[in-house]
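Note that the chains take the letters A, B, C and D in the order they are written out, and that residue 1 is the start of every chain.
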């Protein structure tokens, strides 16, 4: 195996920094794999690019992302720019023979997502999306519990995702309320619980949706008000393969919720409950416990839940959000090295996008839509 | 005001005993109102009737409920028999000039519920349904918080009700899986969260449903298996007046859930969360707290939340499920005395039944149904 | 067995009403035992006595408690007056041949408690104290878990009791801050966790204490301030038989705590955690679960936890504080009928008082005190 | 300011890796300060040293820690070896003019801790201990709440620390049960809650302790059993300056507890509750909320709680245990740069050690001990 890998990073915002932290930490955490060489950082403003390159430990910087993609020493490119740029940058990187690690969602338009998936196939490079929540060791543990048959046959699934960054009705109108950003909560949020659904059960086969705008307009900086075009709330019914029934509720105007992604999975022998706001805890109810002593167990994340052990040898001490990105980065490196890896690649990601678009279509047509 | 009121009780099962406890306790708890005279108890088996009359403190007993209804000393009749008998007994009692306190749901068939409501109107007697969860002082507090505008304009409501008494796939087939009992979770469970919705927001105006059978058949006592005819799981989207979006999920095969009735109410200034399994706690998030110190408050039920104070003068000591029935009994007595009271009468109850039937119709027709 | 028992009640405050509710409900809940005949109620003010007798369902009332004790139809007397009167009334009732159900604590002075225990022995009547928290079915379940050896050998116990009715430093001085009421939190609160300790493990053998006054003085109604004489906070180390180590912390000025009585019981194979503010939940950790799936189980009270089943046939629906008093009343009746019963009688109660006094002595002498 | 700083690391176990992760991440997280140059890594086994240097990104490695200390390019040394080696290594590093970042506890013997503090003073170098729990942004927020007077005057403090790595009575005897390792839970655990106490209130002034061995002996690998010499359980009463009463309970054989460090801080206007197992949550009760809406608020860690914002711009997404070490590393760098910093230096650390030794002395002498 190569002992190092050249890394380029486009974008230095929320997710850009998150990728940078992962690239800085992954080798020390996992010990194995190539050492990431942090070579090139691109940010639209060249001065900021320089400053961030220094902070994040990148050797070079540029105000022109195409320069980064043209850099032959770069093997893999993190794309963390606003959604509208994902397709262009990811495709360019793939065509330049780079592996790509692109933030979710893939793209605003389905056609763009399709082009991205096609580009990844044509380039025969690794192209992975940033669905970090699937990397929580406890989400893997849920998968293990399901695979073991511990809760029997699953018959009902509930998903929720709620945050409150759009909850203030008097916050200024910004791009997330503009139709060019997509449907609203569906693509902004829905893809996260759908990514968990994907790794645990696969995609829904049929969906029915209702989208809702909590606020019809918002103030603008010039003192006028502008009509809101996206839906901050989405309510969805779905079916999984085999008919298992599901419900998904999304709300990005949910006061008090800060990073809630809640799962309830009901089976013929037990139940699993999870909430990302307590990401180091998993609730499990099984019927095999003594009747007087049955109850939901609160399982704390621990070294037994790989790869928690790579971070901390002691149980219950707690991983954080950024640690999930380090795990994702490691899975990406495994994939690049040709090993099996837990990633959502562009192909699977395209499948998730199709679900989102089916949900939007269902709202418009007010009927069940089969997912393509 | 009369100083006493003659009470008759039909049925001595789960709810029969619950009514008996309420009739025994209501005067001592509240101090006001007439003293209930426990006069007549009917149970299909005369021996059991006698035994239960002794236990519950009723003077007379009978194996024939019509005898009880013919008893001129009885002013009010508790009807706690299986759902199929509600209509016949309640109507007979009303026609005999009695007030009626009938357990939910009103009836299996909508036509029966309609006849009951008509009988109540014709008799000009008080006819109240046993929706005791609305009597929780914390549910009243939620109503107060909403009325005060503390969480602003409500834009999204989520309801869940889950228990696990149908969760074991190998439990014997019994009447709850027979189509003659109704739709399944919808009428068995759905009416409870709908009763909370009723007192907080009124009825949904439009519904879309998906019903699901977690188990297709169940064993019978003769060793064969019988097809399940009712739906233990129901998933519902709804709209409230004004368009507010809602989701309701019901599951009576939800392992580990024992009496969960969960509410999440999102508004423009805050959020309310409640779970009946922790019926003495209420979660409230408001935006008026200092930013560094905002969080969901866990409010414990207390004397400030009337009528908790009638039970216990100290806060946080906890009411129980049976206490809610005592409050309901007191509201019934207030209503009989001609005062305002927090009850679901046959008229409002019929409205809830219409919602349930609209939900069932939506499942059959796979489309949104406007509630009649 | 006698089919009825004559009941007298002295006192109509917080605990007086609680006893009244129990006497009204016990027969309907449990079905067995004699029917309580509510005969005589005494309250220092004769008008209030009359009013409360009507509300609580007692036949006669008096402003002179000695009249009640002289009433030959009364078989058992509930003593629910302020602590200072317990000894005089309980002893008089016992000497008159009545059974006695007296609220805790027994008495302010140890000598009085000793006289009460002696009177009970001399009278050969049942004399029971109102330690209702031991009656929670989940506390019984803890006892069962310990007896089964499920958590192995217990090596460490932590007790806490906290409420906030003395937390406001500007609340007016009242009798609980006067030395004549006792030591403070120790006797006011400490006896509750000690009653739980009693039924689960027996009494401490050795104690070390530190008492503390959060507020040195309080306002009085005439605008002056008066020095506080009792200790609202107590911190205690103790040993159980065999040397097991324990800690107890009490605080009746603990803002936000409303009825917290918390237990943590650590053993060689598991741990039990309980909090009275969530009296329908029990936490249990056992090492026999699969390593990846170990966690504290939240057990909801259920019919399997007798006598929950006498109140509600469905699990997880929740008992309330007043229900514990009904169970206590039933245990009293069992004891009177000559059966084994789960009660703290005057003898055991005296033992608890001795522990409290040893704790106070330890604070004064600043050394470990062996419990007499 | 220098743009880089030379880093040496001694030890590659649990804490060695934790330091390595911090050194790798600190610059990218905080952006400011010098870039750590990872220069030299020492581990007793030279092969492991080489392997870990590669994993952790250190340039050189050695099997002889004195070589590292002699390396003139190294400016700061992380000492993460077993406690017995802290004094020798830290003093050598200080004498060689290096800054030192040494894991807690300082040393087994008080005399060693005193020598370390003296060496730091003599060398005029920064010497900081690894008390990372104080770095949690929510612990800082607790400090802010106290400083703001939000909960008024504190009158009672409870501390608990519990884990279960010594809970299995049949686990093999290892060095933590050997008296040469110290007293047991007191020094192994007690220093953590004491570090929190230190930054929030300062040191206790007076202590009373009781130490306990849950298991008298343990199996050894040769099949015999060996007497346990240390105390896995400690129970402590203490006073803070001004007399405020406190309780501390420690148990490293507490089944089910994985990283519990619990605080309860009671004041004249409110209460703060914290548990490290839910390190992203803080409970706050204040009396200024409306009476019907008062309750403990669950505050989720958020960008408003600096320096959470350096890790994640979104609230409620969760920091992890390792992130606290990154913050600690940043505080160390601030201190080295001559700025104010939130650290426990050797001087303050010595003060904490004195408290621990006073506690041990109290147990031996069974009396209150004033802390030196």
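One rule holds for everything that comes next: contacts are C-beta pairs under 8 Å (C-beta built on N, C-alpha and C of every residue); 3 or more make two chains touch, one makes a residue touch a chain.
Predicted model only: the values in this text are computed from it and were never measured.
Remark: among chain pairs A-C and A-D, A-D carries the greater number of C-beta contacts. More than half of the contact pairs at B-D come back, by residue number, in A-C, the repeat among B-C, C-D or A-C.
Look at where the CA atoms of chain A average out and do the same for chain D: the two points lie 34 Å apart.
Taking the mean of the C-alpha atoms as each chain's centre, chain A and chain B sit 41 Å apart.
Chain centres here are Cα means. That of chain A falls 53 Å from that of chain C.
Shown for chain C are the residues that touch two or more other chains, namely 257, 286, 294-296, 300, 302.
Put simply, chain C touches chain B in their complex at residues 14, 17-18, 20-21, 24-25, 27-29, 31, 35, 54-57, 163, 165, 257-260, 277-280, 300, 302, 311-323. Residues of chain B touching chain A in their complex: 151-152, 155-156, 158, 160, 167-169, 208, 210, 212, 214-215, 233, 235, 237, 239, 243-247, 249, 251, 253-257, 266-271, 285-287, 294-296, 366-368. Only residues 141, 144-145, 150, 282, 284, 286, 289, 291-300, 302, 304-305 of chain B touch chain D when the two sit together in their complex.
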